[in-house]
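Multiple structures are listed underneath, in structure tokens.
The two complexes that follow have subunit A in common; it is paired with subunit B in the first and with subunit C in the second.
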Partner chain A sequence: MKLSFSAADEAFRNEVADWLAANLCGEFEQIRYRGGPGDEHSYVQERKAWERKLHEGGWTGLGWPCAYGGRGATIEQQVIFNEEYARAGGPGRMGHIGETLTGPTLIAFGTEQQKQRFLPGILRGEDLWCQGYSEPSAGSDLANVKTRARYDEARGRWLITGQKVWTSLAHESQYCFVIARTDPASVGQKGLGFFLLAMDQPGIEVRPIEQLTGTSEFNEVFFDDAVCGADDIVGAPGEGWKVAMGLLGFERGVSTLGQQMLFQNEFDEVVRIARENGAAADPALRQRIADAHVGLRIMRFNSMRMLSGGGDDGSLSREAMIYKLYWATWHRNLGKLAMDVLGPESEILDGAPYQLNRLQSLFLFTRSDTIYGGTNQIQRNIIAERALGMPREPRG
Partner chain B sequence: MDFRFTEEQEMIRATAEAFLADASNSAAVRQAMVTEQGHDPALWQKICSEMCWQAMHIPEAYGGLGLGYVELVATLEQMGRYLFCSPFYSSVCLAANALLVAGSEQQKTEYLSQLAAGTTGTLAYTGSSGRWDADAVEAVCVADGDGYRVSGSYRYVPDGHTAQLLVIAAREQGSVGAEGISLFVLPAATAGISRQWLPTMDQTRRQAQLVFDNLPVPATALMGEAGKGWSKLATILDLATVAIAADQVGGAQQSLDMTVDYLKERVQFGRVIASYQAVKHKTADMMVKVEASRSAVYYAACIADEALAGGPLGRELAEAASIAKAYCSDTYFFNAGCGIQLHGGVGFTAEYDIQLYFKRAKSTEIFLGNGAYHRERIARGLLEAHPADGAVEALT
Partner chain C sequence: MDFTFTQDQLLFQSSVRDFLTAEVTPERIRAGWDTASGRDPGLWHQLAELGLTGITVPEEFGGLGMSELDFVLLAQECGYVALPEPLVHTALVAAPLLRQIGGELAGSWLPGIAAGEAKVVVGLQQNLLVEDAHIADLLLLQREEGWYALAPGQVELRHNESVDPSRRLYAVEFAGGAQPFATGDKAAELTAATLDRGALGCAAQALGLAQRMVEMAVAYSGDRRQFGKPIGSFQAVKHLMANVAVRLEYAKAPVHRAAYSVANGEPVAARAVSHAKLMACEAANLAAKNSIQVHGAMGYTWEVDLHIFMKKAWALANAWGDTAFHKARIAADIFADGTALGAGTTFAPAVPDGELNPN
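Coming up: the complex of A and B.
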């Protein structure tokens, strides 16, 4: 076991830090630390400009192969970039769905033509993507999607009809990837397709949903014979589930260490307040603050194990299997701790009608961490079944 | 950065696992744990001559194998997993660590080579206050001619009644806290030391009481500078803390594994009880905790290696040890406690081994400070020491 980074990696770290210091300033100063989870509605135009700036610096598609315009960075370098980015207060990435989900999925499963067509726009920070998985009757039970894809022989294209829900950032996105049923007689994981759709067309309607935070990051998306090119299906019709699951595998990865740096920023804020307002003298809160620190450090150690683990066969190691349940639960607890440290001030808003400050937003938004991306209960099912070999849940 | 076992470390782990699964099976544990010395001397001899575990992290210059803390921790994890009853922990993780950290060249040459050859040893520092920090040291030493005289009684001393070599801490009359503490090393057979086994609830780990009544101790027994021993003792305790946390990870893992095995066999309401979701979710939580604990212990082991080698990351030792001990203590107790519950009535019998893990969970939780104790140590560092960055450095 070895904890330290190589000299070359440390040089890379300096390069990243220098670039951020030189560029994340001026017009971009105002978006530092903004636009993260719970704050995604903030500074949208500025953050889009920032995506283009990142591209100019060569910092998009960091882990993608050079052949597709990426930087071919090693895992260590990606970790370092994400750490430095968060340390510098880099804003929430508008392009993260495209860069971390669509891109790797196309690189792994897409045709050459799809790669040529879609990857450059993601790299340039121009094309933003959203994820059309969940539906009113397909949440945890994702395989229950009802949205239909019908091939229009006459005009050589797919027509999509149905409804998605909870679609984050659909109102800001140029494209959406959608799982839809290609075989109307099929049920469950069979008979699905994975489609790439342009959002700007008459067959698609986006309606925002107001969240308990008072803001609207996610939407309902209605498809009424929305058009998808014949070449814009990833994998064969009927093989959509395989692609959809492959994509979920990319959700856990190197961004996790950067995410932890954001958590660290939030935690430091809680510690700062505790020292200022006297909460640091309360024995029960001291225990919880220390517990949060312990939990965050271990989260880091665990991801270091996970990232060192190889696991090239695509199977998840034990430390990777626990990751989502662990961080989501930790983060939700941090939100509650922040309110308890603030005491009665935690109730007072920045302003009417419903202006939350950063920690209030943390408190409310972290209630969703244990829901999206597989709820805590679903995570526990997966751990018990796949890691511990216990019997599978009965299915209706 | 490569945070996983090397091939050689993995081999050491696997060898310990295979050896202990047989040599420390349930029958062997139950036989050893009811004897007064608390271990099987023939097995200890065999380990010392064939496996050489006792010499593992002692440098080659003193007759050891010159391996590191990661190898040690990998072995300790298996010892915890198989409830190994032996003087290993007291001899290696207390006595040998004490000599490595605080011994003079001459003391190392003399005593480390004895320990490397299989002499047993321990560390005595706690009186009866129930504390684990510097205030735990109650025994008093006074200068007497060339040497010293030590008076006082030590409680909770691991294997104190059988150890052949003693490292003891005593303080100057009237001193408090970290001031005035000295360390001495002396053969346990020194006339005038009275030693008594204290029968314990956890029968797999022996504790003893040692009474010193104005005992003469030669100047050559003093380790380091008189009255300045606390910083050394603090490091010894941190190293010992990492080691006991490794035992806890092994025990927590086995508590989970044996519980899952039982759940897959036991049938109620016409189904194996492993198929009930309430039961699955509990085991998933157990697994999350044990994997996170393992990450914490492996990280702490790397830091301990650095601390022993004088590397820069060594300054994190106190924090890493407290993180590991706080988390692993709570994990072990949770897993063993859930283990009894999920076994139902048989979990309450003497016959099933889960009760032995439950008791070892409690005794290792208390030893060297429980979760709350270590969280308070961390809280002090976070909330009081360094206003600037929230980093925990000087914890002691």
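Coming up: the complex of A and C.
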């Protein structure tokens, strides 16, 4: 065990910090600390430009193999990049779905042709992706998707019909990955396909859904014979579930460290306000702030351990399973703590129309952390059944 | 000893509930968000006709002459529908304050309140902003030096947005030269009593809000199906709501106890009110958190009505003394010299007045 970085890594850290200092300024100054959870709707055009800037600097696809245009960075370097990015107040990434989900999935499961076709646009920060999993009747029960994919023999293409819901950033995306039923007679995890769809086409309609924040980050997406090229299915028809689950595996990993640095920024803000308004003198609030700090460190240590290959005894996969439940619950508590620290001010908005301040957004947004990406209840079921091997709950 | 409400009190509650649930629908609340005043004079008129604006106004001034204890169940109903009109403020804060002030102010304003023709709003420094100052015919404001009674023409209002779009909050300023009508000990008495009544109003509404959110989540858990079953059939979902039910049920007695204390001017009123507000707001917070969870992503939308109630609960939790304030008040009371704790004190007025406020 050695808990410090090498000289080469420290040099890398300086390189990242210098680049951010030289580039996250001027026209980009205004997007520092913006666009994070609960704030996704802000500065969209500026943040898209920022994605392209990151690409110019060679900071997209950091962990991807060099062969696919990535930087082939080590885990340590990715950790360092995420730390410095958050320290500099780097804005919420518009391209994160493509970079952290689509890219690694294509690299793992895609054909060579798919990689050549889709990866460069993601790296350039030009192609933004959205995730077409959930449907009105397929939330926690994701395998219940009803959207159908029919192969049009005559014209050699797939036609997709059905509806997705809660699709984050669909209105800003060039592409969507969609799970749809290739075998109309199938039920559950069998008979699904994993499709790569261009959003800009007549067969797709995107309708924003207003969130309780008063803003719209997610959407309903309707497919009416939306066209998908014959080559744009990842894996064989019927293998979609395997690919879809593989993709969810990439949701964890290095990006968790970047997330923790955002948490750290939020936590620091709560502490700063507590000092300023006197809440820090309240014993109950002090204890909760200390608890939050402890939780933050736990997440950090465990991620570092996991990423550096610790837990070969099998606890690694267990760690991955418990992480979502832990951070989502921690974050939701932080949102409440922030409101209690603000006290009577927690109710007062920045202005009209419904302009939430950063901590109010945090409070509201964190209500959803325990829902998306697998609800807390579903996470506990997974931990009990898969990590502990308890009997499966009767389903269906 | 009888810790129950009378038949009359319960009947009154149920008729007010019928009225409010029929009139104050989520659609009507949403419509109010987009209007300039956010208030509905027609509805206020109806509330006055039912005697509700004057419920705590003494009979000699045309009111029903009832107490805070009579009103507490009705305040719960106001919470249950997330009533935007300042009925709780009027019946539990403004009218009792005027009653306490007495004299000319009381004589000239209480009859108007009872008739639904005059609106009086009250602002404590502790609250930062004043609720509904834009529709006030008279403002009673507490400042460092004492209490002021001001006409709308004497004040300048600056509107602030609340997280609850139904709430209308104002920073209120007035020119020097105005003379306080109460200062010193007299002012402090008014302030302490007003704070307790305001906090009691929040607590009672929080019970109603929690109740409403639970009902919404329970109904949704019966309709929504996943894995081929209503989600309410999953133990994890049941337990989310059962936890709220326990918290809510156990918050009721402290709120009712606090209303009794306030109505009877018990010396323990401050502690009882703090206890009530903490418990009720915690129950409402848990109800909000878990009801959103049970609704899944639906609970995170503007369209589903849940957030109407969730946001009012959020706002009330920190109004009229936030959690830290009320906890500190209880702690200060427990550790005060001469506090009688232990057997035999459950229902006894225990603490001499004046030792309760940590400030």
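By definition in this document, the second predicted complex is superposed on the first by the 389 of 396 C-alpha atoms of A that agree within 3 Å, B and C clash if a C-alpha of one lies under 4 Å from a C-alpha of the other, contacts with A are read in each partner's own complex, and residues count from 1 in each chain.
Keep this in mind: contacts are C-beta pairs under 8 Å (C-beta built on N, C-alpha and C of every residue); 3 or more make two chains touch, one makes a residue touch a chain.
Predicted model only: the values in this text are computed from it and were never measured.
Enquirer: Using the superposition on subunit A, decide if subunit B and subunit C clash or fit.
Expert: The answer is fit.
Enquirer: Please indicate which partner A:Leu356 is in contact with in the superposed arrangement: first for subunit B, second for subunit C, both, or neither.
Expert: It touches subunit C, and subunit B stays clear.
Enquirer: Scan A:Ala185 for contacts with subunit B and subunit C and give back first, second, both or neither.
Expert: Neither: A:Ala185 stays clear of subunit B and subunit C.
Enquirer: In the overlay, answer first, second, both or neither for which of subunit B and subunit C A:Ala67 touches.
Expert: In the superposed model, A:Ala67 contacts neither subunit B nor subunit C.
Enquirer: I'd like to know which partner A:Ala7 touches here: subunit B for first, subunit C for second, both or neither.
Expert: neither
Enquirer: So in the superposed three-chain picture, is A:Arg380 touching just subunit B, just subunit C, both, or none of them (first/second/both/neither)?
Expert: Once the two structures are laid over each other on A, A:Arg380 reaches both partners.
Enquirer: Once chain A of both complexes is superposed, is A:Ala280 in touch with subunit B (first), subunit C (second), both, or neither?
Expert: The first partner, subunit B, only.
Enquirer: So, does A:Ala154 touch the first partner subunit B, the second partner subunit C, both, or neither?
Expert: In the superposition, A:Ala154 contacts neither subunit B nor subunit C.
Enquirer: Measuring by CA atoms in the overlay, how small does the subunit B-subunit C distance get, in Å?
Expert: Least C-alpha distance: 6 Å.
Enquirer: Following superposition on chain A, which residues of subunit A contact subunit B and also contact subunit C?
Expert: In the superposed arrangement, which is not itself an observed complex, subunit A uses residues 377, 380-381, 393 for both subunit B and subunit C.
Enquirer: Quick check on the complex: what are the subunit B residues that touch subunit A?
Expert: 1-6, 9, 70, 256, 260, 263-264, 271-272, 274-275, 277, 280-281, 283-285, 287-288, 291-296, 298-299, 301-303, 306, 313, 319, 322-323, 326-327, 372, 374-379, 382-384, 387, 389-390, 392
Enquirer: Along subunit A, where are the residues that touch subunit B in the complex?
Expert: Where subunit A meets subunit B, its residues are 1-5, 9, 76, 79, 267-268, 271-272, 274-275, 280, 286-287, 289-291, 293-294, 297-299, 301-302, 304-305, 307-309, 318-319, 321-322, 325-326, 377, 379-381, 383-385, 387-391, 393.
Enquirer: Within their complex, state which residues of subunit A touch subunit C.
Expert: Per the touch definition, subunit A meets subunit C at residues 134, 137, 139-141, 144, 165-166, 209-212, 214, 218, 279, 282, 284-285, 332, 336, 339-340, 342-352, 354-356, 360, 363, 367-368, 370-372, 375-377, 380-381, 393, 395-396.
Enquirer: Please output the residues of subunit C touching subunit A within their complex, sorted ascending.
Expert: Residues 126-129, 160-165, 167, 169, 225-229, 231, 234, 236-237, 240, 285, 289, 292-293, 296-297, 299-303, 307, 310-311, 314-315, 317-319, 322-325, 327-328.
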